[in-house]
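Listed after this line are the structures, all set down as structure tokens.
Note that chain A is present in both complexes that follow, paired respectively with chain B and with chain C.
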Partner chain A sequence: MKARVLDGVDVLRVVDVLRSQGYQVVAPFAEEGGDGAFSTVTDENRDAIALHLPNPLYPPKRFALPPIEPLLEIRGHGAETTFRPIVEAPRVAVFGIRSCDVAGIGHLDRFYLEGAYRDLYYATRREALFLVNVVCTLPGVDVGEACFCPCTDTGPAAREGFDLQLMDLGGGEWLALAGSQKGEALFQEPFFRRGTPEHLARRRALLDDLRTRFKTFTSWFAAAISRISRGEVSEGTWEEIGRRCLECGGCTYVCPACTCFTVSDRPAGPDRTERVRIWDSCALSGFTRMAGGHNPRKAVHDRRNRRFYRKLSHHFIQRERSVACVGCGRCAEICHGDVGMPTVVELLRRGPTGPSPAANGGKA
Partner chain B sequence: MTTAVRENVYLPKRAVIDRVNDEIAGVKTFEWHFEDPAEQAAFGRFKPGQFAQVSVFGAGEFPLSLPASPTEGRMLFTVRQVGTCSAALHQLGAGDRFAVRGPYGNGFPMEEYRGKNLVFAAGGIGLIPLRACIVWALAHRQDFGRILVFHGARTPKDLMYLPLLDGWQHSGQLECYLTVDRATAGWNGNVGVVGSLLTKPEVKLPVENSVAFVCGPPVMFRFAIRDLLSLGFQGKDIVSTLERYMKCGVGKCGHCCIGMAYVCTDGPVFTYEQIAQLGESI
Partner chain C sequence: MAHPLTTCTFCGAGCGLHLETQGGRIVGVYPSRSHPASQGRLCVRGWHVHEISSSPDRLRRPLLRRDDGFAEVSWDEALAFLVERLGKVVAERGPEAVALFCSPRCSNEETYLLQKLGRAVLGTPNVDHGAGVYGNNSTDVLARLLGVPAATGSIADLDRSDLILVDGLDLARQLPTVAGRVIRARLRGARLVVVGERSHRVAEHADHFLQVRPGTEARLYAAMAKVVADRGLYDREFLRSRCRDADAFLAAAREVDLLAAAKACGLEPEQLEAAALAYGQARAAAILYSTASPRRPEVVEGLVSLALLTGNVGRTGGGLFPLAEHNNLQGVCDVGMDPDWLPGYRPAASAAARAEVERRWGTALPARPGLGAAEVFSAAEPGRIRALWLSRYDPVGTATGPNVARVLEACDLVVIQHVFRPESARYAHVILPTTAFGEEQVTFTSTERRVQLVAQAVVPPPGVEPAWKQLTLLARALGANWSYPSAARVMDEIADLVPFYAGISHAALARGHGRQWPCTPDRPLGTRTLFAEPADAPGRFQLVPPPARPPEEQGDPAYPLTLVFGHSDHYWNQNVLVQHSETLRREHRFLLLDYPEGFVELNPEDAKSLGVREGERVRVLSAEGAAVTDARITPEVRRGAVFAPFFAAQVQTLVHGYRPEAPALLHVRIEKEVSAP
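Now for the complex of A and B:
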């Protein structure tokens, strides 16, 4: 992996170069009220791009998997009906994506592109996507109260999955790492210069220090994974988690690693219908309800069990080669009932073992 | 099997309805074909127990089991009107266009069952997916031992595929036993659940070297399984096809997942032994 050094005042010139190459660049901005959000960079707002701010609650996952994505355009009626796929590949560069969210897109890559069926819509959008990872370096600013990426081995500095990685070394200097050929091509720009071993040593020292500054440390993933995979979590523990869940679905909508969607045909003008896919949530009661009303997963705690089984069971970890949690802490921040990932991992670890739903498998 | 790099698995193929038959109240059978003969030929190699994603444009897309056997050389859907998509399909008649993609899922491993007795227990429209297996088995009649069909419904008017069952029964190719929950005038047959047929003295149900196919509503499924297990069937010799809310059919949308299995790609056919180990109640 090639490294270069650049001055802090030149960091946003990376945005300028990408825009001049035809990319729609999205970057984080501090919005009113202190919340951050990814928005499209324009000539007007370019200088307001925030390099250090709390990770926006709404993850940049949407540039790889939009919350609503057209699949087909349908025209006409009856025998005259015609339809064609709408496969879009906008050239989008996400500037300032954090390491946790890079890992989230890596998880999506393995989920949508591998297995028996490859998702053409995801593949097409993903191929056109350029990721500029900015490493979190400021405790209390970049690293939030709920962050726990060292526990999921996804941060604070991503090791792969980005095209370019930028890290604030302090003292007005930034370190750049190329993660792809497209990223390395940027090193031709005159504002990049060769670094020294001292720069890499500063990077290591910063990260070593940063790893001790996290407020949330849920080091018990292993115990939770073991218990959930063996079916040792008691029904009572799930019921406790279910009682705290308000069924808002917020945890799934802010999760960088959630993949579920529903599909719907909706009117899109006179004589035109669009088939769209829309993010869906296993927290919602309609998620498994079939036509006719039968719902195999009606109870709230069964639905919570589903979320954490899907994310933590050994079976799925092996399949996607990653835990479907990237340690971003967004679910912990958004959950009114405090049953985000860190709390649940703790409840699973400490809860009594007992007869689990798995032991009742099949006895509907 | 992995899909080709540029293949769009969500793109349905145009199909035409040839004929519509009323089966029972609220249930219709559609005979159909793909507009493109190449699609027809490719799809025609499906296995009993597989399913398709069916588009009725404007209403949406939904999964349907394939009641025809590939040995019949024709395509069928039998559908009860229960939701938006099935209601829209029920509006269509001969000559109307819709679209289909698939076939999806694992299907029943019929080849593995050669030499065995086949026991079919179907509650109500649970006979729809099993119809494919029965027709397939009759097309390979010499490969199997006894073939027994146990079919139950709420009332005599709700029994599925009656002319077909009668025909098979009279030709002596299989043994068919019917039952209803509630008799109406003119019904001389059995009254009771499907399981009550299994122990009738005239049935002499073969347990050794047999495979039992169970399909029906959740209550019927639970009790039929219990009855088969108590008669000595092993979990690995009871197979079923599971039904779930499903949006993609290709293991991506996440709706049909039960425990560790995606019903669309790992199923929909599971043995009872597998069902008991999925990690979640069905």
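Now for the complex of A and C:
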């Protein structure tokens, strides 16, 4: 992997180069109310790109897998019906994607491209995607309270999956690593210069220090994976988790590694139907409708069971070569009942804390 | 700012979210981390609000009924028709033959103008929101006892409650963000008391789940007050300095027969006492109830009394939260969309109040309160109302009763303002297409009195105008001297007329996450907790002593079960927003796939003794009627109760007919339906 050094004032020139190459560049910007979001870079907003800010809640996964993606256009009726596939390959460069989100796209790749079936739509979009990873370096800003990537071994600095990685070494200097030939080609730009062993030493020292700055660092997956894979998680634990799930679907919408979708045909004008795929969520009641519909509570517990089995069981880890959690902490932030991944790992490790409050007949 | 910060428009929680736009379309949604009520959380409806404006089913041109169906017409033609037809109805039948009703999802600005159009331009007192009688019960009781009909605290401060009492609503379904607050408070150690005949997600977390016999809540709260009084857990100083009739209340509460109350409620006395002690001992106790739940005024009085008795009104983390299940029920009431209340809760029956509004508006107002939606739609003889304006309100699709269609059929003019074509459009003469979420800048007032801006993220489709603009054009065409160049100017007039909105303007709301009223020039940032200081209250709070002899339910052995109407998982299946989102349509309809003709819920033990099995047809009989539907057997409903979701309108109507004060409960029996040969 080749490394180069560049000055902080030149970092956004990477964006300029990508735009001049015809990429639609999306980058993080600060939004009202302390939020951040990935938006398209224009001449007007280019200087407002935020290199350090809390990782936006809405993950950049959507540039590889849009929330609503048209697949097919259907026109006419009966024998006259025509089908036209809609395969889009916009050249998008995500500038400032964090290491956890890079790992998330890696997970999507293994799911959509390396299984028994290669997904044409995903493959086309993915091949046109360029990823510029920016390493989180500022505790309390880049690294949020809910972040726990050291536990999933996905950060703070990604080891693979990016085309280019940028890291703020402090003192106005940034280190760049090429992760692909496309990324390495950028090193021809004059604002990159050769680094010294001292730069790499600074990188190591920064990362060593940063690993001690995480607020959430006890998401100990090993025991949780072992328990869930052996079927040792009690009904009581699943009930506890299910009771706290309000079925909003948020955990899957913000998850960089969730892959589920549903397909729907919807009217798109007179004589025109569009087949779309839409992000789906195992948290939702319609995801796996229980025949008979009675006992919705049991269904919730089963669906929560499914989410964490899907993410943590040995069976799936073996198939996709990673835990389907990248430690971004978003599910913990958006969960109404505080059953994001770190809490669940803890609940799975410990087992239920006692009988459910309602189980004693409501008597205190 | 590429992604405008705005407000979800589904329920009363008013969560903060950002809209992602692309090519003039709203393509995504994500939550605002800093919103005080929602703090980065959304429910399934919030995560999908963006799917609505891009629906291909949108109305795009005014439609006028012709002999062969609806024809697209210009705005000028639609307005000319309205002026002619409204003028004819008023001339021939008088202004009181006109009624204007809106959905509690309408913005503050359009609602204010709609009631002003009715009262000041057309001269009719018949203006109302379609949220139903229970919301009015809550408004009336709170106005009478506290002087202000709104939540006394803030959703964020539920973090600081050490006891939360939830009365009668499936909070996790109706206001999920508030349910999340309650569950997280419980996880941090707050005690949780849940009251209701039906279990639900939040009830599963309760320390004290009081699964009372339906209709006995007032007995329960009187008995809880007795425990608080007997144990000396009341706030002596608060009662002395800030309440009226405290001594009478304490004396009456002490006389309550705890054992008899527990028996009536179907609870163990110890269970009732433990919950009351937990409530009385809490440092800050919050009471949450739904303004859409079937609760009689006595129940709300009981809850208010409990809050006053313990001094929780005005206390951070304590207080009363009448929760609005629609995003702007609070706002439409604040701006006067109620036959009994003028803007700012000025009583319409008061000549002095009317005179004040007349002076501001420069015109005479109708001399009495008008008819509400429930009265109009339950009229035995349709024909009293001849012109009906329905703003985003679909009584055919959402209200109950066979009379809705008859009332609409009897009209010479039915006007519908909507984003989509609702069921009521069958009876419409004119349909005016309105803007959808994200296409206009207007305000909504959440259930915690938070007046919030919804941002304009995209331009509306060509031909579609904001409702406030349509009303302005019509008023001018009718000869009124209205001049509102923007919704912001409408809010300026509201701020001028509604004292507790005096400090509110669109410019002020654009900073941060809105303002909680009262927001006044001397309190420009708004008010987090009502009545924190004695000077904040309009007067002393009123306690209502429980009756010495509460009416004992006379059971009828012929009808041993109690039928309860309420909200259930898929209550929102008829909502237009839900119908136009792929995900939401599926989520809110999945039970209907199993029970396409609706259902009533029975406890497994009751079902067993009746010999009824899951999914079987049953006949629900009351003294007044009968309905046939399917049985859904679930332990969530208590023994002796039969739960019918509101959407099963046919069940409700067939069993008891439709009245303005539809009974919350009805005594019924269930028979297994033997299929016809």
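Keep this in mind: the second predicted complex is superposed on the first by the 341 of 364 C-alpha atoms of A that agree within 3 Å, B and C clash if a C-alpha of one lies under 4 Å from a C-alpha of the other, contacts with A are read in each partner's own complex, and residues count from 1 in each chain.
Methods note: a residue touches a chain if its C-beta (ideal position, glycine included) is under 8 Å from a C-beta of that chain, and two chains touch if they have at least 3 such contacts.
In this text the structure is predicted, and so the values were computed from the model without any measurement.
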Which superposed partner A:S264 touches (first chain B, second chain C, both, neither): both
Which of chain B and chain C A:P197 touches, first, second, both or neither: neither
Contacts of A:L120 with chain B and chain C, given as first, second, both or neither: first
Partner chain in contact with A:C335 - chain B first, chain C second, else both or neither: second
Partner chain(s) touched by A:Y112 [first = chain B, second = chain C, both, neither]: first
Which of chain B and chain C A:C248 touches, first, second, both or neither: second
First, second, both or neither for A:F29, with chain B first and chain C second: second
Shared chain A surface residues [contacts with chain B and with chain C]: 262, 264, 267, 280, 289, 291-292, 294, 296-297, 357-358, 361-364
Chain C partner contacts - residues on chain A that touch it in the complex: 29, 31-35, 37, 39-40, 45, 54, 56-58, 62, 67-68, 243-244, 246-250, 253-254, 262, 264, 266-269, 276, 278, 280, 284-286, 289, 291-297, 333-338, 356-358, 361-364
Touching residues on chain B, where the partner in the complex is chain A: 1-3, 5-12, 55, 57-62, 80, 82-86, 95-97, 99, 217-218, 221-222, 225, 243-245, 247-248, 250-255, 257-260, 265, 272, 275-282
Chain A-facing residues of chain C, complex: 1-5, 16, 18, 20, 27-28, 30-35, 40-44, 46-47, 51, 56-57, 172, 176-177, 179-180, 183-184, 186-187, 191-192, 199, 201, 203-211, 268, 270-271, 274, 278, 512-513, 569, 582-583, 586-587, 590-591, 593-595, 614-615, 632-634, 636
Interfacial residue positions of chain A with respect to chain B in the complex: 71-72, 74, 77-79, 81, 83, 85, 87, 111-112, 115-121, 123, 231, 259-265, 267, 273, 275, 277, 280, 282, 287-292, 294, 296-297, 302, 305-306, 309-310, 313, 315-316, 357-358, 360-364
